[in-house]
Structure formats: structure tokens, C-alpha cells
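First chain A sits with chain B, and in the next complex the same chain sits with chain C.
So, the complex of A and B:
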């Protein structure tokens, strides 16, 4: 029986290669291409205010960061609550260049793709170093180690003159082939840049997971002794998972710095680390789709909670600060509810929808 | 017959449309401002009354027709003391074509300073950080309402140097917020020391979230510290004062021998500090550029009546942050009025020019501040004077006349 590449009603893989396909059916590929076209062309037809473009760009940056966290926590099973610090490492790498060379140095303004890559690599190196305790630590103890890194990062930035003691370090406007990207074009320019990076890194992560290096992450997560017995190096794999997460986070940090045109300490706090973890959990740990839908869900929720807190702030006395509590409360509630009722995250809903259409017109 | 009815209807409709457009033309222009500040989150205890001050004065300006038939529209948005939210709010306000921006925190203003310059939009922040008007870190479009934190801090140091009794150089400890907001004025104080200010700074303490400062206070006393100058917010100061009171080391009068006199800059004081520290706040010295309703003068009745008119409770009516908000709105409205009066269109450019020309015989008197407001291209601090207050009988009372710090003129 020849396999239909258009409508697969079940898993009829006849080889490992078939199972590792990026798109299982032509319809998957078609849907993906249409979705990409939509993402690339919609800004040309709809006028969106800068406020919302800023939110959209921020969501895309969070997707890049959560790719990394999902590889680390979802695929390699190493929980990190210091991911915002890794993002901060990327941002402060760029800020350090700006501090030493000048805000508008040609490296910052013209060679920005290189700077984004460098920030990612510095993030990877720091990620690898922070990952060293994972050679000896597991579970909660490793969580504490990543928390320590978060604290050390915050302390270093907050106290070091070189980093302006956490106050904003400005980043200059970049240049494109058409010249300087001025304020009017800023958010749209970065929308496309970040979108391209999201797609490239998404494919990179997907392809990585098809290789032995990607599969070793999952193997070590499931049983590191078994993985060791099968010839994998659990220690190296864990450190390398941290380095990978650091790279993605570093890239996200550099993008953040360019988008916000400055780097300030308050974007990389423990609260942000927990937000990234919430995005990964709500989206779906161990799925790439989850890395995309998680940030969308959490940041849209955050925006709505902000609106609600603003509205409530007019009625509650500030001294009680009840309105302020809505944000952490909503985060906590969402995470708990997902862990209880949908531990596989929103990505599982997507899986169910796909399965429904796979069998259609028969019942799911 | 039917055609006739339709004709009459069309004529009537045209007439109504014509009248409608005419009324709209006569109704005047509306100028959009925007205020982004912490209504919730950290520092919302200051942000809330500040926002009410702005809201009420804008209402007042529209009701009393300060701008004739023209109106001001000033939506207020909560940024929860977060730069990211402040930036989003600012972008939204820009979409609404605001002509002046009322901002809040030091951090968000620093992050937005480049945007202000690019947009050439005048900004009046609630922060008084000197970096906001400094070259490189600030913007030439930012106008501070009162003297900076550095002025307030150095001003307190000068007061100590001038009024210290008992001989020798007064020994001082600095109690500061663990951020650039707390640290920046320390650098200016050190510059003043180099320039000849006679103080012996024994220790600089960056406070944490300690709930007990007994050990700190005893250490300071063992080092012979006589004065503690604070640059932070109210709650850590209240904790410090309560612990000092419990240990019995608070000076009953300024510079009392063997005791410690506590002093603080703008955001350390006010009615909220007294509410937090209670009787332990007695004898606390504080400087700011605002008038207080607990003092005596014509501004007391004016502010209380003003707050009553807009239905504000006693706490808000007596808050210096409420006065702070009123003053920011007063300056904004006055700048728009002057821009309009100059015969030019009311734009960001003409408002910036009006603010920069607010000097000489064109200074602006407000009842809410201890001196007139004056700006120029080289002076972007509105009120040039500070007033020292001390807590007596559970309220702040003024001490002496308004002053300018000698080492930071």
C-alpha cells in the first residue's frame, strides 16, 4: 500500500527517515507555508499602532527565548528558573559593546546581525558554565543552582558601574540597505527581522531534534543511566543543553536590546524567569508548537490582566495594592490550572485538532 | 407632494449638518496630553494622588476656560512602575498625537529619553533625577518640576554643615536606596565634599528589605554618627525611625549631642511617612520644593478647597504628591496657554519654546511650590528653591526660608 502524502489518516511510517520528516503530510507543509505568508504580509495590509507592534515584537522575542527554555526543560528535563538572566546576558553583551565602543558605533548599528550572533554565543558560553553544576545536581538542587545564577546576575548588574548599575544603557538605531531605520519604521523593521529569526531558529531546533544530538537530550531526560549505557554522555548532554538554551536566550536578549533601544536591569528579573517558565508550561513542555503558543497566551493574558489591574486600581486604595496582586495571582492560577487539567499545555489542544481533521469525516 | 417632502427633509438635514459643523468649529481645539504612572505596583502610594492632582487640574482648566474655548484631554494610564509598560503607554499616546507627555519614574524616563528627543516632545516627569536633564543620559525635552534629588541631598548636607553645633566636622551616614535612584545623589554629595563642604561621611548604607535596623543603628552610633541623610522611599525610612525611637537614640532637637538626627529628600517624607512611622517620625527633617497643607499660608485653603471641589478625601487633599500632580498639570496648561497666546499653532515645538521662555519676567507662579517656575534652554529645573520641614506634633512644619544649595547652583 503506497502511503498518501496528502491525507495520512494514521501513522504508517515504514522507516525512521519517514518518521523524522519535518512535515508529515503535504497538507501540513501547505498550511505552514500559508501561515508564513500570512505572517509576512499582514503588516502590509493592516495598520497596527506602534503600541501593539511593540507587543507583537515582544511576543516573537519571547518565542525565541522559550525555544531555548523548552529545549532545556521540556526536552532535556533540566528545570531552569534563571532563564531571564540568560536573556539578560545576551542583552548586556550588546550593552557592553555599546558602553565601550559607543552607542552608535558601526558594529552596533551596521553589523547588528553579527552582534546578535555574538550575543547568542556569549549566552551559550555562560549557559555552559552555569550548566556545570548539572553534572552533579538534579531536580530541586539544580533549580536552586539556576536560581543562584539569576541572583548573581541581578546583583552584578545592579551594583557594577560598568553596567550603569542597572539603569538603561542606550543602543543606537540600526542601518539597513535603505539607510537608517528611523523611528517610523522601527517596529515593522524589527517585526520582520525577529520573525525571520523565529523561523530560522524554529527550523534549527526542529532539525536538531531529528539528529542524535537532539535525541540524546530526550534520552537523558527520560533515563540518564540508560542513555549512558547506550553510549551517550549524560554530563556533556546536560551542559550542552544549558549552552543551547543560553544561545537562544542570548539571541533573544540582543533582539530585546535592539527593539527597546536600550538595556535596563528590570527586564531580566526573577519575575521574568518565572514568566518564561510559565510560557513553556502553558504552551506545552517538550513541544516546539508549545514554544510558540505559550508566549502568545501568556503575554496576551498579561496585557488583559494589566488592563484589569488598571481598571481596578481606580477603585482599590493603593495602600492595599490589591490590583497589583492580580498579575502574579493570574500567572499562578494559570500555571496551576494547566498543571492540573492540561499538563501537556495548549500544544495538546493543537494535537487534538490535528487528530480530528486527520480522521475527518470519521469521528475523533 | 412626496417630492416636496423629500426636498424639505434634505434642506433641513443640510441645515443641521451645516449647524453641526459650525458648532464644532466654534467649539475650539482639543489638545491631547498623556500621563503614564504607577497607579498600581511599587510607588503607587505616590502615583495615585499624583494622578488625581493631574486629573483635577485638567478638569479645572477646562471648566474655568483657561484656554478659552480650547480643551485639554489627558488620559491617564497605569504603567505599574515598569519601563516596558511606560514605553507601551508612550507609544499609544503618540498614536493619539499628544503635544506633551507627563511621565513618572526615573528608569522609564531614562529608557525613553532618546525617544523624547526624536519625537521632540516636551516631557514633565514626576522623577527629579538629574540624569534626565544631563547630556548623554537625558533629553533636552525633559523639564523637571523642582530641584533634583542631588539638590535635595546636597541641600540637607549643607544644612547640617551650617547648623551643626558642638564643634568639629559633623559625622554623617548616608542611608540610600539600592539603585541608581539612591546612589546618584551620593556622587554629587561627594563632589560637594571635594569642593569644600565640611562633612565627614562615615558610612554609606544601601538598605535592603530589613524589618529591623537595630544592629545598623548601633553600629552607626558606635562610629559617632550624628546625622543620617536618607535618599530612598518612605517605608525603609519609617522602619529606621521606629527602630531608632525604640533604641532611644533619636535626637529631640536638631543635632542633639549623643543622638542621631534623621533627614531625607523628597520621596522619603510627607504625610505617608508620618502614617507609617507614627510618633517615631517626630524630629525628622525633610526637604522638598512643594508647599504643604500642614504648614501655614494661602496655599493651604486653596489646595484643600480645590481637592474638596473634586471630591477628594482628606488623605489625598493633604498629600504633597497631590500638589505635585497639580503642579505638573499647571505647568503643562500654562505652557499650552502661552504657546496659544504667541499666535502660533499649539504644537510640541511651540510648547517646548513656551517652556524654554518661561524665565525672567515670564516666570510662572504656582501656589503649590515654594518658588516660581522658570525654565530656559540651559536651566530645565522649574522651581529653584527647596524648603526644609521638620515633623512637630505629628505634622510637617517649615523651618526657615526656602533655600538653594550653594554647591549645586
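So, the complex of A and C:
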């Protein structure tokens, strides 16, 4: 029986290898390739103002960060409310280099891919350290560990002279083969860089979850005793999940620093941690599609909230900035409503649509 | 010596308020195994309700203090009814995330009121001359606050130890199915746990508001410091929360008094509890008085 790789009406796998394919059908792959091409060429045809390009770049950075959070919360089942601090670790790694070596040192402007990697690794190390209590604990306590890391991070940034006490530390403009990336091309250039990183890390995460090391995360989440009996060490697996999340967050932080050309304290507060969590929940915990859809949904929502706040500001004269009130309010509502009514997130809608078309035109 | 005594006194004052704040958290954890991340926000809303009743509506502060406890009692109960009752039986991880969402929602609601951005202070109703004591001094507000705190803690301990509802709460925390089979309504107990937690939170908020003035950031930090307190004390131990609260208050005051300004350190009082928390999690994860669960990792 020759199986059709174009259409699949059901799961007829005859080997584990077939089950573990990234693209189950050729159509899946075709759709994916078309989508990728679209993502890469659209900026050449549509001119977008810098303001919106910045939003799009921020969405992509958030996707990188949420990959990490989703691996931690979705796949390994450990809640983190300190993810913004991990992102901040990456950003401040870069900032420390800039602080010590000088804003426009060659390492920062020319060797930026290396710097992004280094930030990721530092994030991984710090993530692993914060995750160390998981060697002895059930996951509930780890929420508190991540929260306390968030508080320690905020203190370190705000009170230490080395980090400029939370004031902005500038990062120089980077160089590409064609020379310095000037102001006009800045957001455009970083769109492509971040897009490439998103694609690479997306495939990395997908492939990781096909291997022993990725599936051990899921095993430990689902039943740690069974995982233990299967020969995995639940504690180390959790520490390693923290390190993974830290790596993704660190990369996101370095990208954030380069994109904004500076690092300031205000981008890594507890509110940001909660909004990362909101992204992961809304997108769908435990799915990679979710970590792409979630940031898009939340940041578009945030834009809308800001528009709404501008309009609603006329009614709330008593308070200065209505957006600071509506942002946590809307994020909180979104988290609670999704957990109550659609715990599997937007990715579940995508799954439903896909399974409809899988059998189309038949109903079942 | 009098400096040391002063630090001890203010440490005990702050610490007993921490203990009262942590009490509600422990109550919820003990009966339903939910880590209520939004507890600080409940404390803050209790404080703001007290202030609004006292100043905007002109009710006497003692009455408004009690009224705000009653209001927060029902508020917390309805929070449990609306948001958490549906999640009974869901994995505990999503329940915790719901409380994170609640924290964000209440934050947003508070930012919508003037309390989110401005500072308020309660009108003075006690004598303003501080009580001198062996060269150290304690203000009347602090003194009365500490006394109320200890009375509340005593009342809660009695409630938990001896009253029927308290015993049924302990039964539920021990085994839900067994307590259902002897006729305890588990959802009702959860609701009551939240309600009493709200009540104690409102009391804590009112006292903090009177001592430090109303600033949302300050109240917020009081809410987060609950975590080091409960972890050091042991998540499910009321006595542990009291001891750890006072220890935390003392540590913070000593850090602020002796560490700040030396070796380029600043604001150590804000960070030391969390460092202690991480160390305790690493080496003694069940805290000083927590029940040592046999299952690990």
C-alpha cells in the first residue's frame, strides 16, 4: 500500500519515524513554505511606518521569548512569573558588555550574532540556577522561586551602580556587510534578523520535542513518578527546562536590546512577566503554534487597548495614564477567560480548523 | 543599644503585619492547595476600601475598619464563587494561573481609581506623641496596629483549632473525599477559606494603611513579601507564618539599619527576603514548620 503523502484522512503510521515527521503531508509543507516566502517578501512591497515596524519586530521578539516560556510552562508544566526577568538577563548581559567595553565596541557592533548567542547562554545559566530548587520540590513552589528571582533582578537593576541604576544603557548600531545599519533601515534590518532567528529557534524547538530530551519534559510534566521509573531524573529535567527557557529568553533579551538600541529597567517588570504568561496561555500551552499565535494576539490586543485608552481617557480625567490601568486589566481578563473557557488556547481553534479540512469534503 | 532596640521594635511591628498578611494566604493554601498569587491585591483593596469609607463617606475609622473587613469577606467569597469554583478538578497549575490573572485584573481596577497613582494618608485619630520605651519609641498607631494584629492572629488560631468550621477546613485540607463522606460541603469550605482570607487581608491592609500611608506600590510590595514569609514558615503552618513574619520583619529592619550605606549596598531590605526564600527553597523546602510531605520532586 503506497501511502499518499499529499492528503491524509487519518493516522496510518507504520513506523515511529513516520509519526515523528515535522510535516505530515506535502500540503502542510507547501502551506508552510508559502507562508515563509510571504513573511520574507512582504516588507519589500508594502512600506510600513517605523512605528508599526517596531510593533512587528516586538511581536517577533516576544515569539522568541514565549517559545521558552511555553517549553517551561506548557511542555514541562512549571509556571514562571519571572520570565521578563530572564529576558532582562539577556538584555543586561549585552548591556554589561556595552558598559565595560564601550557603546560602540567592535564586539557589539560587528560580532552581534555572537553576542546574541552569549546572552542566550548567560540566560540559560541563570535560568538553571533559578531552577535548582526543583531538584527537591514539586512544581507549585517553583512559581514562588521565579517570582523571587523577578524581585531580585529588579533590585539588582535598580540599586546597582554597574547597571546604571535602571537608567538606559545605550547599545551601538550594528554593522552588516554593506556597512553600518543606519536609522532608516534599522527596523527593516532587524525584522529580517529576528525573523530568521524565530524560524531557526522554532525548528530547533520542534526538533527538540522529537528527541528524547524534549519528550522527557512532557513525560515529567504528565507524571513525574512514571518518568522516574522510566529512567529519567525529574529534578534534572526540570532544571534543564529552566535552562532552556532561560536560553530562549536571553536571546530575546539581546534582540530587544539591539532593537531598542538601549536597555532600561522598565521593559522587564512583573507586569511584563505576566503578559508573557498571558501570551503563552492565549496561544495555547504545550503547542508551538500557540507560542507564535499568542504574542501576535496579545500585542495586537495591546495596540487596541492603547487606542481604546486614548478614547476612554476623556472619561477618566482623574488618572494620568489610562493605558497603565487597562493593560493589566485586559491581560488579566484574557488569562482568566481563556483558562476558564478555552484552556487549550487559540492553537486549539487552529487544530479544529485543520481537522475539518483533513477529511473535507466528508464529515467523518 | 537604643538604636538596636528601635530596630527590634519596628521589626516586630512590621513583622506582625507580615504575619497577618500571610495568614490569609496560608488559610487558602491549607484548605484548597491553591497558591493565591493575588493575595497582595486583596490586601491593597482592603486598605483602599477602609480609606474610602473613612474619608470619602465620613464613617468613623473603627467602624469603617470593621465594615471593610465585612466587604472584603464577601468580595473574596464572590471571587472564589465566580472564578475558582469552576476550576475545581482542573489541574492545580491552571488554578494558580487564574490567580495570576486575578492579580493582574485587580491591579488594573486599582489603577482605574485615584488610589493607583496618588498617595493618601489616614487622618490621625490616635495621640501623635510616640510612646518612649528605654530610649526607643513606638508610635501609637504602630502600637495599636500590633495589638490588633495579635488579637486577630489569636482569633484565627482559635477559629482554626476549635470552631466547627475551622475543623472542617482542616479536614478538607487533609483529605477532600473523606471529608465529603462525613458530610462536609467542600465547595462551601473553599468559599469560607477565601472569605476569611479576605477578612484577614482587609485587616492587614487597614493596619498597613494607617502605619505607612496608602501607596499602591508599598501595598503591592507587602503583598509580594508574603511569599518569603510563607515559604520560610512552611506553606501550611499558621504558627510558621507568624514566626516567619516576625523573623522577616526583623531581618528587613536590621538590613536597612546596618547594611545599607555600607559596601555600596542600598535597598537591601527589599531583596534579602527573596534571597533567603531561594536559599530556603534549596535547603529546607518545607520551611521551618511545614508538614514534610513524603513525596518529592
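Everything below uses one rule, namely that the second predicted complex is superposed on the first by the 356 of 364 C-alpha atoms of A that agree within 3 Å, B and C clash if a C-alpha of one lies under 4 Å from a C-alpha of the other, contacts with A are read in each partner's own complex, and residues count from 1 in each chain.
The definition used in the following text is that contacts are C-beta pairs under 8 Å (C-beta built on N, C-alpha and C of every residue); 3 or more make two chains touch, one makes a residue touch a chain.
Please read all numbers here as calculations on a predicted model, not as lab measurements.
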**Prompt:** Which partner does A:170 reach: the first (chain B), the second (chain C), both, or neither?
**Reply:** first
Original post:
Now for A:158: first (chain B), second (chain C), both, or neither, which partner does it touch?
Top reply: both
Discussion item. For A:222, using the defined touch cut-off, is the partner it touches chain B, chain C, both, or neither? Pick first, second, both or neither.
Written reply: neither
**Message:** Just checking: does A:306 make contact with chain B only, chain C only, both, or neither of them? Give me first, second, both or neither.
**Reply:** first
(message) After the superposition on A, what does A:54 contact: first (chain B), second (chain C), both or neither?
(response) first
Across chain A, the partner (chain B or chain C) reaching more residues is C
Report task. Once the structures are superposed on A, label A:264 by its partner contacts, choosing first (chain B), second (chain C), both or neither. Result -> first
Overlap of the chain B and chain C interfaces on chain A comprises residues 158, 318-319, 321, 324, 327
In their shared complex, chain A is touched by residues of chain C numbered 33, 35, 37, 83, 86-87, 90, 92-94, 96-98, 100-109, 111-114, 116-117, 224, 227-228, 231, 235, 264-267, 270-271, 274-275, 277-278, 281-282, 285, 293, 295-297
In their shared complex, chain B is touched by residues of chain A numbered 49-51, 54-55, 58, 158, 164-168, 170, 183, 260-262, 264, 266-267, 306, 309-310, 312-314, 317-319, 321, 323-324, 327
Per the touch rule, the chain B residues reaching chain A in their complex are 39-41, 44-45, 47-48, 77-78, 80, 82-85, 87-89, 91-92, 94-95, 106-107, 110-111, 113-115, 118-119, 131, 137, 178-180, 183
Within their complex, chain A touches chain C through residues 73, 77, 79, 81, 130, 132-141, 143-145, 147-149, 151-152, 155-156, 158-159, 161, 224, 228, 234-235, 238, 271, 274, 277-278, 281, 316, 318-322, 324-336, 339-340, 343
